[in-house]
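Chain IDs A, B, C, D, E and F follow the sequence of writing; residue 1 opens each chain.
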Amino acid sequence: GMEQFYPDVSEPVMLSGVAVGLAWTPVGGDILFIESTVMKGTGRLILTGQLGDVMKESAQAALSYLKSCADYFKIPDEAFRYWDVHVHVPQGAIPKDGPSAGVTILTSLASIYTQRKVKPCIAMTGEITLRGRILPVGGIKEKVLAAKRAGITEILLPEKNEKDVKEALETNGGAFSDVSFKYFHEMDDLIDYVLEPAENGAPQFKVEDKDHTPETTGNESE
Amino acid sequence: GMEQFYPDVSEPVMLSGVAVGLAWTPVGGDILFIESTVMKGTGRLILTGQLGDVMKESAQAALSYLKSCADYFKIPDEAFRYWDVHVHVPQGAIPKDGPSAGVTILTSLASIYTQRKVKPCIAMTGEITLRGRILPVGGIKEKVLAAKRAGITEILLPEKNEKDVKEALETNGGAFSDVSFKYFHEMDDLIDYVLEPAENGAPQFKVEDKDHTPETTGNESE
Amino acid sequence: GMEQFYPDVSEPVMLSGVAVGLAWTPVGGDILFIESTVMKGTGRLILTGQLGDVMKESAQAALSYLKSCADYFKIPDEAFRYWDVHVHVPQGAIPKDGPSAGVTILTSLASIYTQRKVKPCIAMTGEITLRGRILPVGGIKEKVLAAKRAGITEILLPEKNEKDVKEALETNGGAFSDVSFKYFHEMDDLIDYVLEPAENGAPQFKVEDKDHTPETTGNESE
Amino acid sequence: GMEQFYPDVSEPVMLSGVAVGLAWTPVGGDILFIESTVMKGTGRLILTGQLGDVMKESAQAALSYLKSCADYFKIPDEAFRYWDVHVHVPQGAIPKDGPSAGVTILTSLASIYTQRKVKPCIAMTGEITLRGRILPVGGIKEKVLAAKRAGITEILLPEKNEKDVKEALETNGGAFSDVSFKYFHEMDDLIDYVLEPAENGAPQFKVEDKDHTPETTGNESE
Amino acid sequence: GMEQFYPDVSEPVMLSGVAVGLAWTPVGGDILFIESTVMKGTGRLILTGQLGDVMKESAQAALSYLKSCADYFKIPDEAFRYWDVHVHVPQGAIPKDGPSAGVTILTSLASIYTQRKVKPCIAMTGEITLRGRILPVGGIKEKVLAAKRAGITEILLPEKNEKDVKEALETNGGAFSDVSFKYFHEMDDLIDYVLEPAENGAPQFKVEDKDHTPETTGNESE
Amino acid sequence: GMEQFYPDVSEPVMLSGVAVGLAWTPVGGDILFIESTVMKGTGRLILTGQLGDVMKESAQAALSYLKSCADYFKIPDEAFRYWDVHVHVPQGAIPKDGPSAGVTILTSLASIYTQRKVKPCIAMTGEITLRGRILPVGGIKEKVLAAKRAGITEILLPEKNEKDVKEALETNGGAFSDVSFKYFHEMDDLIDYVLEPAENGAPQFKVEDKDHTPETTGNESE
C-alpha cells in the first residue's frame, strides 16, 4: 500500500503541489499521492508513474481547465507558457488508470500553480469534466476505509456520491466516526476549499522571480 | 447513462462550449455531453474522452469547417492561431466512436469560438462533411427515446433522417408528444438556429481581452 | 451507397473543392465525393475519412504535383506556405483505400487552390503519378454502372482504360446511352478540361484577401 | 507489369527526375519507374509508393550522398534547405522493398537536383552505400529479360555483377543481342554517364528562379 | 556481471557524472553503473542502455526534480536550456527496468550538472518521487551481497529499508563486516552527502565556458 | 559476406568516415564496414542499414561522447549544430544489432568529424560506454578469423578481451601469424592511435569552408 510512501499523510502539506487521492484496486481501496512540480520550459505537460490513457486524459483536461480559468485562479499566462509542469504518481512501477483521480490531479496542479498548499489530512476522489464539473465514481466504501486506515480525517467527494457514503455509513457507521465528508459539484468550489490561503498579502504566483528551492523558501515545516 | 452528468439538460446552457448529442449504444440510446474550451496556446486541437479514430476525424473536420468559414461566423483568425482548443466528452473511461457526433462537436466548437451559448433542452445528431453538409445517421428511434427520457424538448436531425423519425412516430407516436423535431442539410443553418444571439451589441469574440473565468464574467446563471 | 450524400451530383458544383470519384467495392461500384478546403495555417495536409495508407500517399503525391507545377496552375506560393489544406472523404465511418481516387483527389485540390469549380455531373477515376501521368485502374464496368445510376453524364478515365470501356459497351451498350467518356494521359490536360474557367477576369487565387465564407462570396448557387 | 505505365520507356526522358530501374519479383523481373520532384518547402524528404523500410533507407542514403557531394554535382545548398523533395514509385498499391533500387533512386534524385534529364532507354540496378559505392544485387537474369522485353537498350550494373551477366549471356546469348551493358563501382561515375549534359551553357540549378511548370519550360518534347 | 565494467568501483570517481547503483536480477544482485554527460544542445534528455518504461520515467522525474530545485543545487538555468543531457546505463545489450535505480540516476545527474564527483566506493538504491522523497525498494539482501562482492564499502538506502538491512545482518552478519550503511528519506540530503565538494572556491557550473575535454581539465586522476 | 563490398579492406582509407568492424553472426564472423558522412543541416543523427535498437543506441552514445569531448578532438561546436551526420552500415537489407560495433561507429564518427582518415587494414570490435570506456564483447575467435580472411593485418580490441585472444592463439596460433593485436580501455587512446594525423599543419575541421566533393579535394587516392 501507499501508506509507506510519506511518514504520514500530513507530510504532503509541507510542499505545495502534492495532493492525496483515493484509489480503488482489485484488492481494496488505497491512498494515492499525486505530485506536481513546475520548472522553466516551454509549456509541456509531463506525466509519469505508469499512467494509463484515461488517467493521462484526466490530467490534460485538468490542465486545460486551469488554463481556461487562469484569471479566476490568479495564475499568470506566463506560468503556462514559459514553464513545464510534471505530474508524477508514485509508486513508479505500479500501473494506474481510470478517471477517478481527476479531482486529485486538478487539486495538485492548482496547488503548484497557485503556490497554495493543500490542507493536511484531506483525501479526495472524483472524475472531472473539462468545464470543471465533478462526476461520481465507484468503489466509495473501499476508498473511505483506506482513507480512514491511513489517518485521513476529511474526505471530499462528488455530490452524486453522497448516497453511496450514506449507504456505507449505515453498514459501517462506527468505523467512520472520526472522518468527515464534504461534497462538491464544481471544481472551483473544491479548490477554493481545499487549498490554504496564499501566504503573502497578494497571493500571486510570481513566475519570473519565484525561488523553487525547497530548502530556502521557508515553505517547508521540517 | 449520462443523465447523471449534469443535474439536468438545461445546465449546459450556463456555459458556452457545451452541447448535447445523442448516441447509439448496443444497449439503447443515450445522451452525450460535449465540452469545448479554449486557452491561450499555439492553435492545437486536443481531444480527450477515449474517442475513437472516426470521432477524432469528425472533430478535425468540424474545426477545419469553422476555420474555412471563420469570416461568416465572425471568428477572428487570432482565435485559431493563438489559442488551443480542447474538446472533451465525459465520461472519461467509456470509449466512444462513430461519425454521428459530428453535428454536436461542431455546435460545441461554434459555441466556444463565437461565445454564444447553445439554447437549452436541445439535443442533436448527424454526421458532418468538411464543407458543412449534414449526412444521415442510424439509431434514430433509440436516440429519440433517450432524449425524451432525459428531458430534451427539441431534437435537431439531418434532413435525410426525416423518414426515420416519421416511421418511429407512427409506432411510438404518443411517447413523443412533448418533443419537436427540426431538420437541417447544412451546418451553417443549424448553427444559426441553435446558438443564442451574441450577448453584446457587437457579438464578437474578443480573443485578446476575453476573460475566461467562469465565476467573474457573469456568463453563468447560478 | 453515397447517393444519399448530396441531394444530387450537381450539388457539388456549388462549391469549389468538391469532386466526384468512382470507387470499386466488393459489392459493386459506388460514387465517392472528395472535399477539400483551405484555411490559414502553416502548410499542413490533413486527411480524414478513414483513408488507408495507399490513399493517403495518393493525396500526398497529388499535393506535391500541384506544388511543383504551381506556376502553371497560377497558384501563388503563399497558398501552400501560409494555408493548411484538409481533404475529407465522406462517409467518415467507412474505410477507404486504393490508388484509383488519385485523379479525383488531385482534381479536388486543384479546384480549391485555383478557386475554380468542378463542372457538374462529371465523375472520374484513375491513379496518378508524382509527375502527373494517369495510370489505368480496375473495376471499370462496375464504376460506370454506379456513375450512371447516380445521374453522372460524363466520365473521365485513363487512356489505358479505353479498351475496358469498349469491352463494357459491347456487353451493356444500351445501358450507357446517356453517358459520354473522355480519356486522359496527363493530369494537366484533365484539370484544364474539368475545372470551370476562373470567374473574374484575372482568375487568380488571392490568398491574403480571399473571403472563404460560403454564404457571402456569391460562389454558391442556392 | 509496369510496361503499361508510360507509353514507352523513352517517355521518361521528357522530364527530369524520372529514372528506370529493374526489380526482381517472385514472378520474374520487372521495370520500375522512380519519379522525383522538388517543391518549395523546408528540406523534407517525402517517400510514397508503399515503400518498405529498406527502400526508404536507400532513399535517405541517396539523399545524404547527394548533399555531402553537393559541390561536385553543382547543386546549391539552397536546393536542400528551402525545397522539399518527393520520391514516388508507381504503382501506388504495390508494396516494394529491397536495396537494389538504390542506384535508380539516386539517379532520379541527381536528375531532379541538377535538372539534367536521364538518357532514354537506359535501365539500371544496384545497391548504393552512403559514400557512393555500388554493391552487387541478385536476380540479374530476370531483370535483364524484363528490361529487354520493355524496350530498354542499355543496362547499368554494379561491377561485381559482371560475372552474373556473363553467365546469363552464355545461356541466353541470342536473346540479349540488342542490349548493351555497362558496369560501375562508384555512383559519381554512373551519374556523370547517365545524365544528359546541362542544357544551358552553365548547367546550374537556379533554385530561386526556376520555373517548374512542365508545360512552359520547354523541357518537354511533346 | 557488471564487475568487469570498470577495473574497480573506485574508477568512476575519476569522472563526474558516474554513479554506482545496485540492481536486483532473477539470478541475484548486481552493481550497475549509470553514466551522465552533457553537451551543447537544446535541453533534450537522451536515454540509452535498453531502459524500460519505468526506468525512463525515473530519469524524467529525476531531471524534473533537479530543474525545479536548480537554485538549491546552484545549477544555472542555462545548463538545462542550452545543453542536452544523456544518461546511459551499460551494458547496452541487457534490458533494464524498474524504479529502484531512481536514486542512482538522480545522483549521476546531480553530479554532472554540479560538476561535483561522486565519492568513491559508494553504491546506492531507492525509488525517488518527483518531490525528492525516497521510497523503499526490494531485493535488499541480494543487492548488499553484490555490493560487497564488488568492493563497495558504503551503501546508501531508503529509510524505510533499514529494517530489511537489519534482517539481513542478523542472518549474514559476518559477511557484511566491512560495509557501512546510511539511510535517507530525502534526495537533497543524500546528494549533499554523496557528492564531493565543488573543487574551486565557488563551486558553480560555468556552462558557457566549461571545458569538457576529459584529458585536459585535470579532473581525471590517471 | 561483406568482403565483396569494397575491392579490398584498404579501400576505405581513401575516404574519411569509413571504419572496418568485426561482427559475430550465427554462421561465423564477418567484417562490417561503417560509413559516416556529414552534410549541412540542423544537427540530426540519421541511422540506416537496418540497425536494431541496441546498435542505434550505440551510435547515439558515440555521438554524445564526441560532443562532450569536442574540445579534446578539436571539433568545433558548429560541426554538431549546423550539420547533420548520417551513419550507414551496408548491406542495407541485412538486419544488424548488438553493442559490439560501438568502437567502430565511434571511430567512423571521429574520422568524419576530424577529417582524419582511418589507417588501412585495421579492424576493431568493442562496446563503448557514454564516457568512452571500452567493454569486452563475445565471439572473439570467429571475428579474428574473419578479419584474417579479409586481409586485415591489425585488430583493435577491448583490454578485457586480451585473455580471449590468448586462448584463441593457443588453439589456432599458426593461423594468426600475420595479424597483430592491440588492446584499449578508453576510446580517446584508440582514436588517437587509429586515425591518421590531420593532413594540414593545423588539423582542424573547417566546417564552414570544407569542400566535401570527393573528386575535387584530393583526398582520394584513385
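Going forward, a contact is a pair of C-beta atoms (placed from the backbone, for glycine too) under 8 Å apart; a residue touches a chain by one contact, two chains touch by 3 or more.
Since this is a predicted model, take the numbers as computed values, not measurements.
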When you check each chain against chain C and chain F, which touch both of them? D
Distance in touch steps, counted as few as possible, from chain D out to chain E: 2
Compute the centre of every chain as the mean of its C-alpha atoms, then state which one is farthest from the centre of chain E. C
Approximately how many whole Å separate the CA-defined centres of chain B and chain F? 61
Need the CA-centroid distance for the pair chain E / chain F, whole Å please. 30
If I count partner chains per residue in chain E, which residues reach a count of at least 2? none
In ring order, beginning with chain A and continuing through chain B, the chains are A, B, C, D, F, E
Within their complex, chain F touches chain E through residues 43, 53-54, 57-58, 60-61, 64-65, 67-72, 77, 80-81, 98-99, 102, 127, 129-133, 135-136, 160, 185, 188
In the complex of these two chains, what residues of chain E are touching chain F? 4-7, 15, 17-18, 33, 35-41, 46, 48-50, 84, 86-88, 90-93, 211-216
